[in-house]
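Chains: A, B and C, in written order; residue numbering restarts at 1 for each.
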Amino acid sequence: MTAAAVARSAGTGRKRRPGAAGRRRRLAPYAFVLPFVAIFLAFSVYPLFYTARLSFTNWRGTGAAEWVGWDNYTYLLTSPAFWSSLGNSAVLWLLIIPVQLVLGVLVAVLLNSAKLKLRGLYRVAFIVPFVTPLVAVAQIWVVLFDQHYGAVNAVLGLVGLPDIGWLTTSAWAKPTLALLFLWKTTGFIVIILLSGLQSINGSIYEAAAIDGASKTRQLWSITVPLLRRTIMFAVVLQTLAVFQMFAEPFVVTQGGPYNSTTTAGYYLYNHITRADLGTGAANSFLLVVLVMILSLGFVRMLRAKD
Amino acid sequence: MTATVKPERRPRPRIGSHAFLMLLLAAFLAPVAWALASSFKPAGDIVSSPLAFDPGAFTLDNYRAMFQDVPIGQGFLNTGVVLVFKGAITMFFAPLAAYAFAKYRFAGRNLIFGAVLITLMLPTIVLIIPLLLEMKALGWVNTYQALILPGAVDAFAIFWMRQVISAVPDELMDAARVDGCGEFGIFWRVIVPVIRPGLAGLGVLTIMNIYNDFVWPVVVASNERMATLQVVLSTLAQNITGNRIGADYATVTGELLAASSVALIPLLVLFIVLQRHFINGILAGSVKG
Amino acid sequence: MLRHHLRRRTFGTAALAAAGGLGLTACGPSITSDESEGGGSDALQAPAADNPKGEITIWDRSGDLFEVFEGVIDDFNAVYPDIKVNHVAVDIDAKLQNTLITGTDVPDGVFLDDAKIGGYTDYLWNLGDVLKPYLGDIAQQKIDVNTVDGAIYGVPYDLNPGLLFYNAAALEAAGVDATAIATYDDLLEAARRYKAAVPEAGPVHLEQSAFLGQLQLEMYAGQLGTSIADADGELRIDSPEYRRILEFLDTVQAEGLGTRAEYLTPTDVAEMDNGNQVFYPWSIWFSFAPQQMLDATSGDWRAMELPAWEAGGARSGAMGGSSFVLPKDGANADLAWLFYEFLMFDEVGYTAVWGPNDTYPTGLNTSIPAYTPAADPAAPLFEPVEALGGQDLWAVATEAGAQIPGGTPTPAWWDGAVDYLGNDVQRMLDGDMTPEEVIASATEQIQTNLVDRQ
C-alpha cells in the first residue's frame, strides 16, 4: 500500500457494531480525551473566555472594568500602527517561510538518508540554535550585525561590498530579524519534516530509480508531493509563529528602527506591558481571526491541488 | 507495515550534499561557538573587542561570577522536574487524545478540536493574567503543579499527533480488532509502534519547548526556590535586554554568556544520547511493519 | 489531515461556543475588582512598636546593585535584629505588573525605574507621611518624578545628573579647550573646531536608540525645567524649550558634527576609542564605559557639568534614576519602609551603598544619592575615578546634581511615547524630519494614542 493510499483512507467513518465491544468502542474516545479535556478546560478554555470578556472592557488591571463594547476593536482597526504591525509581520512571513521551506526540505531529505555520514551530528547541530537561550542570541546578533564593526559586514567587506546597516536602517532590520528567526527555528521545521519523510515508503524511490528518474526529479515529483500535507502543516505552524513573534524583536531591535520590526506579536505585547489589557485582548482575537483566514487559505490551496 | 522508510536501500548522498550541509552547519553553529568562546574572555573585552580572541586572556571569571550570582543549580533541578513530569504527561496524553480525534466519531469532537485550534492561534501572552488569577485562587503560585499543568498536553501536540495518527491505515486497527484487541490495546500495540517517528519528533520538540519556555515560568515562579533555568537567565539578562541602563553591562554580558553555555550543555548531551534511541526506535518501527 | 482539522464547521461550532461563553456571566472571574478601595488610608505609617518583628521580601535587579544592597542587610540587622530580610533578585519588568494585578506573592519593597512608577500608583502605598521628615532634604527632581496627584509613591534612591563626558586628550591634541564650554553654542563651536582638526570625526554622540534618545531628550528638557507633560498630564512638547533642544540636535546632525550610534554598541565603543567621538552628553552612569569598556581611550575621558542652554542656566538635568516602591498588598510594607529608611537616610546605610564595598572597592560611581545631606561635594562617598584620569567625579556630579531643576514629572505612558516622540527624533537625526515636524507629529500622536486613551 502506498503512502497516497494511506492518506486517502485516513479519517473515514467507522461502522457501528452491536454488543459490548461496540459499546466499549463508543465510550472509548471519551475516556481517551478526558484527561486532555480536563487540563484543557481548566488552563486554556477558562482563560480564553476570560480574555474574550476582557476584550470588551477598558480594564487596566486595577479598579472596576468598564464595558466599552467594540471600542477596543474599532480603535485597533482604525489605527495605522495596528495595520503597520500586520504589514511588518506579513513582510517577515514572505522573507522567512519560502526560504525556510526550501532549506527545511533539503536538509530533512539529506538527513533522512541512512548512509549519510555524521547523521547524528547534523541532527543535533541543527537544533542547537533552537535551544540556545534567546537573550544570549540577542547579544550575538548585535555583535555579528553591527554596521561598522560587525563580523558579517567584515566578511562582506572582503568581497568588496559596502557596510550594511543591518540593525540600524528600517530597510535592513526586517531581513536581519528574519535571519535570526530562520537561524533559530529551521531546526524545528527539519524535525517535523523528518518525521513526515519517515512515513514515506522507501519502495517508491526504488521504483523511480529503476525508471531512471534523477535525484532532483525524485525530490520534486515524489518527495514533495507526498510530503505536501506535512509541509502545509509546517506552513500553518510557522505562520502562527511569525504572526505571534514578539521575543525576537523585543530583545534585538525593540521594534525599531521606526517600528519597522514592530511585529503583530510585539505590538500586542506592548499593550499588555502598558497595562492596556482590554486592547491587548482585542488585538489577540483580531490576530486569531487573521491567522484563521490565512490557514483556511492554505487549506484551500491544498484542496485545489488534490 | 509498509508506510515507513527503508532507508538502507537509498543511495549514498554525493559530495555536493555534504558541502551544502557543512556550510549550513557552519552558519548554524558559528554564533553559538562565538558565545561559547566569548564566555571565557574577560567581561570588558566581550563588548569592546567582540571578535578578537586572545588565548592568553582566557579566564573563568564569568563562570565564577555567574555561579555566585544566580542559583543556576536550582534552576537546573526545577527545569529537570518540570521536564520529567510535564514531558511525561504530554507524551502520553497528547497521542491518546489525538488518537480519539483522528480515529473515532464522538459527540463534541469538532467542538473540542475547534477550541484546540483557537488556543493554538491565540498568543500565550494574553492568557497570562487570567491564568495567574486562577493559580492564585487555587493557591498554586510558586508550586510545581503551576509550572507543570498549564500547557501540559498543549494544542500543538494534539494538532500534530492527530495529523500523524490520521495517516495510519484503518485496516491495521480492524485487523487488531479481529485479533481481539481492546480499544486501548489498539492504541498501545498498534498505533504507538507505527507512529514512533512522529513520537520521537514530538519528544524532541516537547523537550525543547519546555526547556525554552520562560514567559509563564517567570511570572508564576517568583520564588527563587521554584525558578527554572530560563527564569534564572531572564533574571540575569534584565540588565541588558532592551535599554542597557545598568552600570554593569559588560559584567552581566559575560555572566549571561557563561550561563547560556552552561544551560546548553546538558541539553546537547541529552540529545546526543537520545539520538541513538531515536534512530533505533525509528528503524525498529519499520522493521516491525 | 489538515483539511479535516481546519474544517469550517469546526470553527463554526467553536465560535458559537465562544459566543455562548461570553453571554454567561458566571463564566470566568468577575472582571471588576472586588477590593474595597475606600477602606483605610493609602498613606503608609511607620510601625509603632519599639522593636519591630517580621520578615520582609525585597525585590531587586540582579547584578552589581543587588550585591551592594545585600551588603547593607547586616548593618540593618544590627539596628533592627528582629526584621528578617528576604532579598531576592528577580526580573522586575517581567514580573511586577502581573504580580500586582493578580495580588499574588506580592513583595514588601521593589526597586523600580522612576519612569515606571506612574503606571503602578494604584497598587502602591502613598509615602507622604513617612517621608515627611526627609522631604526638605531630597532633590526636587526626585520628589516630582515620584509624585502623582499630590501623593508620593517612591523612596527616592539615586540622582542621575546629566554630565558632559569628553575625551580630554584628543581635544587637547586638536587644540580645543573643552573646559571653556559653558553653553550648547560653545559645544557646537568646539565640535566644529575639532572636526576641522580631525575631518573624519563626528565629535558629538547622537543616540540611535529611540528609547535612550528620548531619555536623553528629557535630560536636556529637564535642564530647562520642563518635561514631556506637566503634573496634570498636559503635553509640553510644543514649547520654545523643546524647539530649542531639537534645533540644537538638528544642527549637530546637519553639519555632520555627530556620530550616530546606539549607546555602547560595538560601533559606539569603537568610534570613541578611535577618537572620532569625543563629546558624550549623558547621565553619570556613562562613567562605567571608560572604566569597563573603553580600551585605547580609557583614562583620557573627563566629566564636567552639561553646558547651559542660555548663559547662566542650569548646568544639569536628570537622565534615568530609580526609587523603591512599597506595594499595598505586601504583608509588611511598614517594616520594608524601615529598611529603605535605613538604606537611604542613615549615614551607615548610604555610606555602605556608595562608599567602597566588596562589589566596588572604590565605591559605586554610576550615580549619587538623592538625599542631599549624603550628596555633599566636600564629603565624597566614592573615590576619584582612575579611568577618568583620577578625576574627582563625586564633586563634579554632586555640584551638577544640585542644579537640576524640579517641575519635571514623568507621565505613566512615558514608555509608550517612544513610538512617537522617540521615533520622530530618530527620523530628525536621520535628516528625514524637521524639528517643527517632530513637534507637530509627536504631539498629535501622543495625544490620540496615549493621553486620550488613559
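Everything that follows uses one rule, which is that a residue touches a chain if its C-beta (ideal position, glycine included) is under 8 Å from a C-beta of that chain, and two chains touch if they have at least 3 such contacts.
Quick caveat: nothing in here was measured; it's all calculated off a predicted structure.
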Contact pairs, highest-scoring chain pair: A-B
Per Cα centroids, the chain farthest from subunit B: C
Distance between the centres, which are taken as Cα means, of subunit C and subunit A, whole angstrom: 37
Euclidean distance of C-alpha centroids - subunit A vs subunit B, Å: 15
Junction residues of subunit A - those touching two or more other chains: 7, 10-11, 46, 48, 50, 54, 61, 143, 149, 229, 233, 254, 292, 295
For subunit C, residues that touch 2 or more chains besides their own: 1-2, 4, 6, 11, 18, 28-29, 93, 101, 209, 211, 266
Residues of subunit B whose C-beta touches two or more other chains: 50, 115, 117-118, 128-130, 133-134, 163, 166-167, 234, 236-237, 242-243
Residues on subunit B engaged by subunit C in the complex (per definition of touch): 43-44, 47-50, 69-70, 110-111, 113-115, 117-118, 128-130, 132-137, 141-142, 159, 162-163, 166-167, 218-219, 222-224, 231, 234-239, 242-252
Touching residues on subunit A, where the partner in the complex is subunit C: 7, 10-11, 46, 48-50, 52-54, 57, 59, 61-65, 75, 79, 81, 142-143, 146-150, 168, 229, 232-233, 236, 254-259, 262, 270, 273-276, 279, 292, 295-296, 298-299, 302-303
Interfacial residue positions of subunit C with respect to subunit A in the complex: 1-4, 6, 8, 11, 18, 21-22, 27-29, 31-33, 37, 93, 97, 100-101, 119, 122-123, 208-211, 260, 262, 265-267, 270-271, 413, 415-416, 419, 423, 426-427, 449, 453
Of subunit B, residues touching subunit A in the complex: 2-13, 17-18, 20-21, 24-25, 27-29, 31-32, 34-35, 50-51, 89, 93-94, 96-97, 99-106, 109, 112, 115-131, 133-134, 149-153, 155-156, 158, 160, 163-164, 166-171, 177, 182-184, 187, 197-198, 200-201, 204-205, 208, 211-212, 215, 230, 233-234, 236-237, 240-243, 253, 256-257, 259-260, 263-264, 267-268, 271-272, 275-276, 279, 282
Residues of subunit A touching subunit B in the complex: 1, 3, 5-7, 9-14, 21, 24-26, 28-30, 32-33, 35-37, 39-40, 42-48, 50-51, 54, 61, 103, 106-107, 110, 112-117, 119-120, 122-141, 143-144, 149, 151, 154, 183, 186-188, 191-192, 194-195, 197-203, 205-206, 209, 229-230, 233, 237, 240, 244, 246-247, 250-251, 254, 265, 268-269, 272, 277, 280-281, 284-285, 287-288, 291-292, 295
